[in-house]
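Next come two complexes built around subunit A: one with subunit B, the other with subunit C.
For the complex of A and B:
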């Protein structure tokens, strides 16, 4: 057997085992429910007979182990049981919503992945320049934002059409240019174009700040009301309609995930560029383009795949909040609703799907990373 | 050795030694601060500002956190003004309807006291303000709306509470948004801090234990952590909160437990590197106990990475708590909290009112500040030179 496929099989077995443990935890959660589940749902006024009948109906009267395996058997056949609150089949509730959530996450990923990887590489290659610093500051801010903040800002400017003074945005850019320009001038030992750029930056930046302070020149930004703030997607919606309606939630997710992904890509590329073989290539006089294509890229593949997988897994958590903000009919919304209703069977179903996706993504990343970088077969 | 103190040389050396050391430390700190980039300075100033606001909240806030000071001014569907000064409600109504002819669909005056004035529309709820704002037929812009409200306020001048204190207006049940923002600094940041400290204590203690003891303890703890980390944190938190019920105490415990797994991983890794050092070996051979090893040998040497990690973890915990509160599963009303405030005022955004953005921005600003400082510290400790 090829060592890589052997390793992949090992990882797969480990993944399935993790999934099993996680399913035990999720199913076992009911056991830790303080008080009696049936009593909790039917209320204090329920007669003992009614409680007993309900327990028999849901299967609570059976021992936990038997209940777990019948639940697992159902899940394997796509049957998650019935909702405690609405008595509807959970599979029915989930199936349409799962499609919607996957569509949203896929939409965000399609924009975010190429964007983040490209920008991350550029930031790494132009390290310590103004571009890198701009990317660093803006991504650091962006990962600090709660998802709902990004979402509401987007709604305000792209859906409601609130609009804001572009002067202040220009002033912020101006401040940045001022600082950068000052830095470039201070490093005057590298005379030539650097200090020229610094001076130009400084003048433009100063002009922008002064403009904002005195309020001379102005125009409005973000007075767009092209996208709906509520993404109610009906099941029979056309593709174009879907894209339009889920544009804002997807953009929110994209912004949050791109920042993370970009920082990680940048870090891993910088790490790579510091390795001895790159230095060797540089020392023997190879052209930078050749170094990147021939030496850096093949080795960068494994870390980048890892970064992408980690962030797609991160999308899963982000999706919950974003769906609630935009009232998007997805799995996250269902999960949050069910948590506040304490509808434990629905919560179990949703958690299992989220956890399985998360584990699968990490597993795929592991295997792909090993496939592209066989050195990982032999851990130190 | 008793007469050493009589020796002037010894005395001066004794007196001088600690002073010199103190000075050098002060110099290092000053040099570090002087070389701090602009972003780090920004971060530190913001953090100090938040701390001051959180500590002195009752002194700064114009009103109490749960005090109802005005009417639910922004509530969609109904605009309500209350005043003891409107002597003749009918005259006021006539004034208004003639002045805003074609703008107000229906204007009602509370027949009981002749003082509460309701301006409503027949249209379904929430349509009214929206129409007000962006329906061209109504011919009224947000600015006009503001001036309209301003005129109403002037009319009710002697009872005007909106003069200076209510910079940000009132929330959906008439509490002062500004005051609640200030109190929320105390509540939200305080709860996040408690959670982070709890998570750190648990995670680092177990991590050091695993590093020092090794063997089965390490194996069992690490496998438990692996399982806890194999489910996304927010999803796991939601599951646990369903079981335990969503309230503040449960949220703190659940997040502290889930977050401690990351601290555990870091602490174990750092501890493993320290445990193999000779001085730890020496302490072990000396027969020192487990607690001594953790407290005197490992902890002081692991402090630097731990401090930076504390900042990162705080940001993460803070954002998770904000998200849970926003989802209605964290900090419960009437406690003022930024996440809950965003949730409560969320509807207003579609009417062109940026009110829900203020608390959200407060969260974002603090996280940015902490991240900037941590970034600088990590950059310094990693020894990277530009």
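For the complex of A and C:
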């Protein structure tokens, strides 16, 4: 058997064991939640008899271990059971929600992954220039804010049509240009392109800052209300409609995950730029762009793939907050609702799916990392 | 400028950035090269050899700048030309062969794709033509399976073959000039010969001009028409090869020529009944399922040096790993002062561990760059001898005195602030800190310049006499063996093929493999390579194939 398929099988077996451990931990954790389904549904005024009768009806009167094993037996046969609260089949409930979540995650990934890798390569190519710094500052700023904040800011400007006073944005760009311009002039070894750029940057930057301080030129921009702030997707929605409605959550997620992948791409490539084989490529007269794409990137793939996998997993499992903000009918939303309702079986099902996502994505990342490394793929 | 001058460097100055300062690396170099001529550039490390080689391509490494002078290649000054113009020349008109082919080939691409890259990108050939051409050049450079070898990845090809593949790659666009930067330094002597003859033939066939950079005089004598000697960024002397070898004028050149003069004091033979410090008895070892050592036997006596020689992959370092317990042998035993040692180091007690110490080849990587010298040496002092505080510092000072380094100057420095030779001395002091009876020296001088290496050998010899140490000296350099060994163990393919006192080992008759090793050591005679290849062809001397050398 090829070593890769052997490893994949071993890891899958290990993954199934991990899932089992996860399911035990979840089952234990939900037992610690105060109150239970009966109390939540019947309310505080319910008589103890009514609560006991309800418990007996849904099987909550049995001991936790017994409940866990009967649930586990069902899961092993592919049956997640029924929701205690709604009596609907969990498999059905989850599959619709999972589809939505995967759609949103896929949407965000389709934007974020190529964007991050391209930006990372460009930042490595033009490292330590104003472009590099601009990319770093903007992606790092967007990752530094909590997701809900980014989400509300996007809603403010792209959905409710608030718009903003452009002076201050211009002043910020101006400050940036001032700093860059100063740096360029200071570094400008010869009177050439760089010092000219420095001077132009300085003048424009200064003008923008002064404008903001004296408030001469003022206009409102961004009064856009193009996208809905509530992404309630019905099951029959068309593809275009879905894309339009889930644009804001996807954009939020993109802003949150891009920085991480971009920084890793940039760092992995720059890390290799001192290698003898990169110098060899230079001495063969190859262009800087070709060196990055053809010579550095293939050798930097393993760490990049890993960080992409972690971020994809985050896109699927970490979207709870974003889904809640945009009322997006995804798996995260379902999980939050089920926890507050104490709908234990649904919580367990959701968590199991999240855990499986992590395991599968990490396994895929490891296999891809081997497949892109000739030393491992073609042993001596 | 006459028509056949291809490269003319005038008063070239290059600075390197250290901290915030620009310090000169090249201090006004002149160099001339005619079409088809091979110029040997020789000097110790830090002489600026690589820098001038790269500068001939109009290239400087990061942190360096050209601060003056001209590099005139075929009538255009590369210093003043645009980067785009230089990029067009590189790979097409001027090509480069690097020291470590293993590091300079991109691990992600097949050899043939890397060969074809320059011709295709420079628009010299189509990809199919380039592929046919690659096979043709691989054949000319005597690579095995020339039709198939290009489709392998670099890690699937041995070091000597890679170095030839790199020479082929440099020739892919039939450049006018090739820079060879120490192309055989990382190779075994037996492999070096094959690469040298392949390079020489190829350069002759295509009439390519070449700059051949090396620190090995004997090698440059085989390759170059003319030799230029460098020291600290300046030209010391320049002359035709034969003239340079027979009558060097400058004192520095003469000192380079005389470097292999050191001979350790001969020691008396140990009494026949003396118990050896270390003895390997019928040792077999394996990495996983791959057996690497077969029935290895040898003894090392107190106060004596046993040199273990052989090419890479012959099991020299593996034997050392067995002795230190890093690799438990699968069969046989290791005796220390007559007593069998536990196989793995985890089962040995502190005293057993203390008795055998190691000095490594790469002092750069063997010393923790974030620790000061006093901590690096102080750690084993504290660990093995239980000294701490003032007593530990005193011991560190004594050790630094022993290795002839001024304690006050060096105690508080970091390894990065030392030269290569000084770092290796710290490695020696660290081994001595444990107060051992036996030290394994694993290629300790092969990364050093000859003058510095000689200093290290002298120091080791002095310590041996003063402290009665036994050395196991792993090396592939027979000059070192001649200098320091009392006994020699020759290894090949994990077996000991011959062993005995040095005097006998250097006298015929030899085992064929020993013969191959001995005959492969380059000599200063410019005709040595031609004569040797001729003799091997005629079957007068054993060649690599009959001796079963690993690299072919």
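Note that in this section the second predicted complex is superposed on the first by the 301 of 380 C-alpha atoms of A that agree within 3 Å, B and C clash if a C-alpha of one lies under 4 Å from a C-alpha of the other, contacts with A are read in each partner's own complex, and residues count from 1 in each chain.
We adopt the following convention: a residue touches a chain if its C-beta (ideal position, glycine included) is under 8 Å from a C-beta of that chain, and two chains touch if they have at least 3 such contacts.
Since the structure is predicted, the reported quantities are computational estimates derived from the model, not experimental observations.
Residue contacts after overlaying the shared chain place A:299 against subunit C, while subunit B stays out of touching range.
Within the superposed three-chain model, A:78 lies out of touch with both subunit B and subunit C [touch as defined at top]. Applying the stated contact rule after C-alpha superposition, one finds that A:29 touches subunit B and leaves subunit C untouched.
Legend: residue contacts after superposition of the two complexes on their common chain; A:375 is shown touching subunit C, with no touch to subunit B. Once the two structures are overlaid, the count of subunit A residues touched is higher for B than for its counterpart among subunit B and subunit C. By the touch criterion stated above, A:354 is placed in contact with subunit B alone, subunit C being left untouched.
In the superposition on chain A, contact of A:159 is made with subunit B only, not with subunit C.
Shared-chain residue A:336: touches subunit B; no touch with subunit C.
In the overlay built on the shared chain, the residue A:137 is in contact with subunit B alone; subunit C does not reach it. When both complexes are overlaid on chain A, the residue A:282 reaches subunit C alone and has no touch with subunit B.
For the contact definition in use here, the subunit B contact set and the subunit C contact set of subunit A share no residue. If you check the complex, the residues on subunit B that touch subunit A are 38-39, 134, 226-227, 230-236, 238-246, 315, 319, 322-323, 326-329, 339, 342, 346, 349-352, 354, 356-357, 360-361, 363-364, 367-368, 370-372, 375, 386.
Listing the residues of subunit A that touch subunit C in their complex gives 274-277, 279-287, 290, 294-295, 298-299, 372-375, 378, 380. The touching residues of subunit C, counted against subunit A in their complex, run 54, 57, 59, 61-62, 86-92, 95-96, 98, 100, 103-109, 117-118, 121-122, 153, 155-156. Subunit A contributes residues 18, 21-22, 25-26, 29-30, 32-34, 128, 137, 140-141, 143-149, 152-153, 155-156, 159-162, 179, 225, 229, 313, 316-317, 320-321, 324-325, 335-336, 338-340, 342, 344, 347-348, 351, 354-355, 358-359, 362 to its touches with subunit B in the complex.
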